[in-house]
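Notes follow once the structure below has been shown.
Note that the chains take the letters A, B, C and D in the order they are written out, and that residue 1 is the start of every chain.
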């Protein structure tokens, strides 16, 4: 893995309230960082969350999250959260994320979303226009569905 | 102020994620503690939030919050959050809260809610049955409205 | 997987501040629930965190976290967080966690800790007394290291 | 009060995890916003927190916080958090904060810090150089101490 694999990065600065007694970011907050960066990714590809999805009659729900911790971030660190879509299935999307402080990889992880009906939460196909927007944005080839 | 002023206490234990690099609970989290304890207060008086309020066509919104910090709480501390209603106005309710570790007063504060229409967020009168439930629960006389 | 696999459960109630606009617990908060329950697990086996570890000259750092979301929890739900140690390596420990609402499995996940020197954060062997305390507590056989 | 009273603003965007089931930012999170903006204020006046304070042998602890809620912020809103120091006492500092969405005032509040010895948490005088840095930054006259 390397920074070059990501077209999209969202910068953010670690908040005081996010750092614990060990002087490092509490492990769960990286999922908030992932979420914040994915929101910006949706905006970057022209599908602002959640309105653009709701317009297509769907919403996303997290099905699986994984975080690997290589090195800790501390208070006031400026981090770059890399986001890319690694795979689009019929009704699921797998995001790959990496968090850097400069060139140092601190965190890597993935978020698998299921695309679903907002009311019933039953899986529905990923809209074609979303599939296209992601494909257009990500120059690199997606893994085949 | 003293512990005896409160009929209702909710106990909770400080979480690791709530403690910052100074080794003390981050100042904002006490508003979460207040909120958790008030939820239990609603349950104790037989008006579980938010369903009992919604049944009466209203909901509460925070209008003002104040926190005074006398001594810090640390990781794993068991705290008692005292809650009482100090005043019921036409459409507002003032809660007084104090947080103790044993007999030591750590935090005191107040939360002023406005009772409002859930859709328009415009103030509506506090339902009579809620007024009665609070009055019955709080033995001590409420400040006059 | 089933509730019977866990000797240890920690009950907790979902807080208002933990529920998002979808009406469900924000995905990252389950890592806080895991953390809270593991703290109680340490207490249950007689190794209260972090003092008992620090006494042995070590501390734990999260190396990997995984969460699988089967069904969402909502406001005021009472959850049981099951915790067990599935494997103890030379300097790592793998915790398996499952969150239930009654008999319904909502969440499963794992947390891998590395046991490390608090100052250098370099891995050190899991203390023998901790290994024994876990072994004694967990009746079921641990996976071999 | 008005936007013009503030020389310093910090912009931030509301995160998904900060919005509750009512579709609005949970009341306690505004204290996190205050804290984030005050950190940036320290940076702006050339006293980055906490290092510049620690160099002078002191740290700040929150003594009192007040928040008044005029209108709610929602997901993805871009907010401007205005910060100014309204008063410097012998060992205390009173910050006044206002949060705007465009020209609309949503939130106002204050944070009173005590300047203290990091170890004993006993009040110590605000360092002269900090007093000067704030005075230089704030064109408007401070309330007399």
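Keep this in mind: a residue touches a chain if its C-beta (ideal position, glycine included) is under 8 Å from a C-beta of that chain, and two chains touch if they have at least 3 such contacts.
Keep in mind that what you see is a predicted model, and the values were worked out from it rather than measured.
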Chain D and chain A - chains in contact with each: B, C
Furthest chain, CA centroid comparison against chain A: B
Rotation, 0 to 180 degrees and nearest 5, that superposes chain C on copy chain D via CA atoms: 180
Distance between chain centroids, defined by C-alpha means - chain A, chain B (Å): 36
Between chain C and chain A, distance of the C-alpha-averaged centres to the nearest whole Å: 25
Chain B and chain C, separation of their C-alpha mean positions in angstrom: 30
Shared-contact residues (touching 2 or more other chains) in chain B: 16-17, 26, 28-29, 32, 35
Chain contact topology (line, ring, star, complete or other): complete
Parts of chain C lying in touch with chain B, wherever the complex brings them together: 15-17, 32, 35-36, 39, 48-49, 76
Parts of chain C lying in touch with chain A, wherever the complex brings them together: 22, 26-32, 34-35, 59, 61-69, 72, 121
Complex interface listing, chain B residues touching chain A: 16-17, 19-21, 23, 26, 28-29, 75
